[in-house]
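First chain A sits with chain B, and in the next complex the same chain sits with chain C.
Coming up: the complex of A and B.
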C-alpha cells in the first residue's frame, strides 16, 4: 500500500511541472504588452519601463522566466502583483473564502446526491425516483449563472429568506445559497451515478448470495450493494472537489464573493499574468492532490486495484 | 413428514405493462417432496424452470419473477400459502440457517471487495441470533468461520481468511461458497449447478467432498443441473423438468434405465457423459481428398517444402514451445512446452485438457495467430512461418484454416445481419460475383440446416444453437481444409450440443474437412474425435486413437480425467 501511494505521488511530479509550464506559456504568449497596459495612454519614461521589466524578468527568455516562477512557488515568494501587493497575500486572502464555499457545496453534494441516489436506486420506478430524476435533469440543463440569478431573486429579493450577496460577510448563512448553486449540477450527477450503480449492483450474483446467507435487506444494502457502488462515486467526487474550486469563478462573480475565482477573473481582465499563473498553479495542485487521494481511496475500497503487489490469478 | 413439501407451485415472469404486457409462465403447477437427508436432483435444459423453482423456495427470484400459485411448506413453516409468499422476515430467518444455497458461478458469487473471512463470518453472525438466541462475539464468529472453511475442504483456512476472492481459483471459491452455505448446518442445501463452471477433475473432488459432508450432517440436498449423468450419480431421486413442468420423477437409476417420457429419453440419448461410441454419419462420404493445390503464383516460391511431411497429415507440430513473459517475474510462463503431434487429413483430432493446460494456445499457434517461441508448425507440406512471410500466402493460409469459437454470443457482430456475416469471408477473398455469393450463402444456410429466411435477421434474434450454426456456416464458407473448433459446443445445452456435434460430423463426411477440436470435456471427445491429445500444464500427457485412449488409458492423469466424467459408474 505504501509503495502504491509513493508511486502515485512520484507520477504526480511530471504532471504538475508539465501543466504549469503549459499554462505559463499560454499566459505569457498572449499578445499585448502588460507594461503598456499599466500606463494606459500615458507614455512612461524608458528607465521606469526597464526597471519594471527587470523586476518581472520580462527581458529574460521564456524558459528562464518559468524557472524564476518555479523558484517562487517553492520558496512561497510569488512576487508582487502589478498593483504592488504580494501575490501570496492576495491568494492567502482569497483561498479560505473559496475553501468555505467549495467545502459547503461538497457537503451538499454528498448529503443530497448520495442519499437520494441510494433511495432511488433501491426503489426504482417509484414516485420518489421519478420526481428526483426529473429535478436532476432540470439541474443539469440550467446553466449555473441562471440558477444563481433565479435563486437570488426568489429567495433573496422576493422571499427575503437568505442574503442576496456575500461581499465581506464570509459565514455559513451568507454562503448557503452560493454553495447550493455551485453544487447544483454535481448533485444531479452524483444522484444519477449513485442511482445507476445501486441498481446495477443489486442485480449482481454476489448480492443474491448475501441474501441467501440470511442477511437482512438493510445489511445487504449497506454491506454489499452500497459498498460496491462506492468506487465510481469516489472517482467522480474526487475530481469534482477540485472542479468546485475552479468552477467557483461563475458563482463567485454572481454572488460577489472575493475568492479564488474572483481573483482570477479580475486579473485576467487586468492582464496581470503573474497572478493568473499563480492562481491556476494552485488549482492544478488541487486537482493533482485530489486525484492522488482518489487513487488511494480506490485502492482502499477495491483490493483488486492495489498495484505493486503480486497477485496470483490461480 | 417431508422436510420440504411443494404443492402446485407456479411462478410467472412479466415483461412490459398495460397492453404490451407479456406473461411468461416459468414454472407451472409443480409438486414434489424432499425427505430429511434425501438427495434430489432437478434436471432440465436452460429455460426449463429448474433454477426458478429453486429460487422460488427461498424467495430470491430475479427481476419480475413472482410466485403466483401453490404452497411450500418447509420444516413446519408455511413459506408459500395459496400462491402468496410469506413476509420477507420469515424468509430471512429460513435462509442460511434452514436452507443453504450453493450458487452456480463461483467467480461472480463472492463480493470482490470483502475478505473471504468477512464473507464467511457474515453468514455465521447473520444466523447465530436466530439459532442460539445470542449474538456471537468477534472471536467466536472468526473461529466458526475457520471451521466452516476447513469443513469445506479449504486447506490452510486460517491464513486464507485474510485473502480476497481474486486471489482464489475457481475451485477454491466454490469451496468457500459451500462453506458459507453449510456454515449454519441447514436442513436443506440447494446446489444450483454447483460445479458446471469448474474443470472436470475439480468438479469431481468438490462433489465427492460435498457428498461426504451432507451425509455426515444429514443434510438434504436439492441439486439443480443440466447434466443427467451428474444428477444420476449424485442423487437418489430425479425430477425431469421441461418448459416449466415436471415430465417425469422417480428413483434415479430407474429413470435412467427405463425412461418413460419422450423428453427424458431424448435427454438420456443426448447426454455425452453416458454415450460410449463415436457418432456415425449417414451422409455419403466425401470422395477423395483432392489436393487443393496452391494457386500458380511466383510469389509463393518462398514456401519451403517440409522434409518427411506425411502424405496423410494436414498439420504437423514439431516440438512447439510458447512462452509468455509476465510483468514482475523473471521466469517466463511456459504455456506450451515442447509438444509434437499430427492432425490427419479428413479426421478429427481432439486437444483435451483442463483450464491452463495450454490447449487454446496451441489452437492459436495452429491458426497462425500466435508465433511459437521454439519449434515449427507445418501445414500441408509447408512451414507455417513461411506462409506469413508474404500477404498473398498468408491470405491463402487464412482461407484454408478457419476457426469456430466457444461463445456464439460474442463471435457474431450484433450489428451485421446473419447473411452478411456468412458472406463476409467471401467478400474478403473476392470469391464469385455478388449473385454467386448470395447463392453460396443460401447453400451454406442449408448445409447447417437453418432456414434461408434467417439471413436478414440479426444475432440477437437467434438462439445459442442457431448462432453456433451461423458461426459454423461462416467458417466453412471458403471450403477450408482445417476448421479449428475452440470449445465450440461447451456453451450449449446437451440437446443442442448433440445436434451441433451431429451436424459437424455430417459436414466433415460430406465435405472432407479436417477438425481440430479443443475441449475440456472428455465425454464430447468420445462422440466426435478419431484421435485425442491429452494435455496438462502445457505438456502432452498421452495421445492416440480415441477408442484406445478411453478403453486403455496408460497415464494416471488420463485415468483421472476419465474417472471424473459424471455418470460414468451408473450404467
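Coming up: the complex of A and C.
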C-alpha cells in the first residue's frame, strides 16, 4: 500500500508541472501590456516601467519566469498582485470561502444524490424513481447560472425564504442556495450513476446467493449491492471535487461570493496574469490531491487494483 | 433383460440441443444490426431523433418559422407582452423574442456540433495511437491527456478566450472548447483499444498476415467506437451549455450576435421585471440539450445489451 501511494504521488508530479506550465504559457501569451494597464490613461516614466518589469521578472525569458513562479509556489511567496497586496494573502482570504461553498455542495451531492440513487435503483419504475429521474434530467439540461437566477428569483425575491446574495456574509444560511446551485448538475449525475449501478448489481449472482442465505433485505442492499456499486461512484466524486472548485467561478459570479473563482474572474479582466496563474495552480493541486486520494480508496475497496500489475481478465 | 440395459437419453432429445440450437435460416446480425433492431422499437429513440430533426430544420431554415428579423428592434415596442404580432413578446430593446429564439438556435447548435466533431476525432486519434502503440508513446500521450484533463474546463476556456481577443465569432469558441474537450474521448478510446487489442480475432487477423495499420483501421477502431458515440452525444449537450455559460461570463459570442447564450445572459438584467425573457431562450436550450441526452441514453442501451433493462 505504501509503495502504491508513493508511485501515485510520483506520477502526479509531471501532471502538476505540465498543467502549471500550460496555464502559465496561455496567460502570459495574453495580448496587451499589463504595466500599461496599471497606469490607465497616464504615460508612466520609462524608469518606473523598467523598475516594475524587473520586479516582476518580465525581462527574463519565458521559461526563467516560469521557474521563478514555481519557486514562489513552493516557498509560498507568490509576489504581489498589481494592486500591491501579496497574492498569497489574496488567495488565503478567498480559499476558505470557496472551501465552505464547495464543501457544502459536496455534502448535498452525497446526501441527495446517493440516497435518491439507492432508493430509485431498488424501486425502479416506481413513482419516486420516475419523479427523481425527470428532475435529474431538468437539472442536467439547464445551465448552472440559469438555475442560479431562477432560484434567486423564486426563493429569494418572491418567497423571501433565503438570502439572494452572499457578499461578506459567509455563513451557512447565506451559502445554502449557492451550494445547492453549484451541486445541482453533480447531484443529477451522481443520482443517475448510483441508480444505474444499483440496478445492475441487483441482478448479479452474488446478490441472489446472499438472499438465498437468508440475509435481510437491508443487509443485502447495503453490504452486497451498495458496496459493489461504489467504485464508479468514487471515481466520479473524486474528479468532481475539483470540478466543483472550477464551477465555483460561475456560482460565485451569480451570488457575489468573494471566493477563488471570483478572484480569478476579476483578475482575468484586469489582465493580472500572476494572480490567475497562482489560482489555477492551487485548483490543479486540489484536483491532483483528490485524485490520489481516490486511487488510494480504490486500493482499499478493491484489493485487485495495484499499479503496474495487470488484473487478469479471467 | 431390460434392467441390464443402461438408460441413455438420445442425444437428439436432450434439452441441451434446444438450448444450443442456432436458427440458421435467418441471416446473422452484426452488433450494429442488433443495435438498430433495438432502436427501432424504442419510442424514446423516435422522440429524440424527431426532436433533433425539427431543431435541425430550425437551424437550417429559420425563415420558415418566422417572418420577423431578429435584429430589427423597435424601441417604441419595448417590453410588450405576448400578442398576435409578437408571439412571445418583445425584449427591453423591442426585439421580437420568438424570432430571436428561432434564429438563436443556429450558433448554439453549430458550436455544439462542430466542437463535438473536432474533440471526438482528435481524442479518438490520440487515444487510439496511445492504446495501440503502447510503451513510451502511450506514457507520453497519457500524461499529456492528464495535463489537459486536470485543468477545470470552464477555467481553461476563460483563460484561452481572454487570450484570443482578436479572433472573432464561432471559430474562437469551437477552438477553445475543443482544445480542452478532447481528453474524455481520448481516455475512453485508449481503454477500448487496449481491451479490443487482446481479443482472439485480432490475433487471428495478425496470423492472416494483416499489417499493424490494417488491423488498427479495419478491426480495432470499428470495434472500439461504440462507447465513443454515446460520449459524443452527451458531450454535445455539454458544449451547448458551455457556450451559454461563456456568453454569460461575457467571453462567448459578441452581444450583437443572435444566440441563446447571448440572450440568456442579456435577460439577467430584467429578471425581476420580465422573467419571460430568461425563460424562452433557456427553455429552447434545455429542450435541445435534453434531446441529445435522450438520444445518447437510448444509443447506449442499444449498443450495450447489459444496459438494457
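In this text, the second predicted complex is superposed on the first by the 306 of 314 C-alpha atoms of A that agree within 3 Å, B and C clash if a C-alpha of one lies under 4 Å from a C-alpha of the other, contacts with A are read in each partner's own complex, and residues count from 1 in each chain.
Following the convention adopted for this analysis, contacts are C-beta pairs under 8 Å (C-beta built on N, C-alpha and C of every residue); 3 or more make two chains touch, one makes a residue touch a chain.
Everything quoted here is computed from the prediction, not taken from an experiment.
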Joint occupancy of chain A by chain B and chain C, clash or fit: clash
Based on the superposed arrangement, let me know which partner A:288 touches: chain B (first), chain C (second), both, or neither? second
Examine A:127 and indicate which partner it touches, taking first as chain B and second as chain C; both and neither are also allowed. neither
Output check: A:76 vs chain B and chain C. Expected answer is one of first, second, both, neither. What do you get? neither
Have a look at where A:209 lands relative to chain B and chain C in the superposition and call it first, second, both or neither. first
A:223 in the overlay: touching chain B, chain C, both, or neither? Say first, second, both or neither. first
In this superposed model, does chain C or chain B come into contact with more residues of chain A? C
Check each of 199-207, 451-459 or 523-531 in chain B against chain C and return the one that clashes. 451-459
Complex interface listing, chain A residues touching chain C: 14-15, 18-19, 22-23, 26-27, 29-31, 124, 137-138, 140-146, 149-150, 152-153, 157, 196, 199-200, 242-243, 245-247, 249-250, 253, 264-265, 268-269, 276, 280, 283-284, 287-288, 313
Along chain C, where are the residues that touch chain A in the complex? 143-144, 146-148, 150-156, 158-160, 162-163, 165-166, 198, 237, 241, 244-245, 248-249, 264, 268, 271-272, 275, 278, 282, 285-287, 289-290, 293, 306-307, 309
Complex contacts: residues of chain A adjacent to chain B: 203-206, 208-217, 219, 223-224, 227-228, 301-304, 310-312, 314
Considering the complex alone, what residue numbers of chain B touch chain A? 58, 60, 62, 88, 92-97, 100-101, 103, 105, 108-115, 122-123, 126-127, 130, 164, 166-170, 172, 177, 180-181, 184, 328
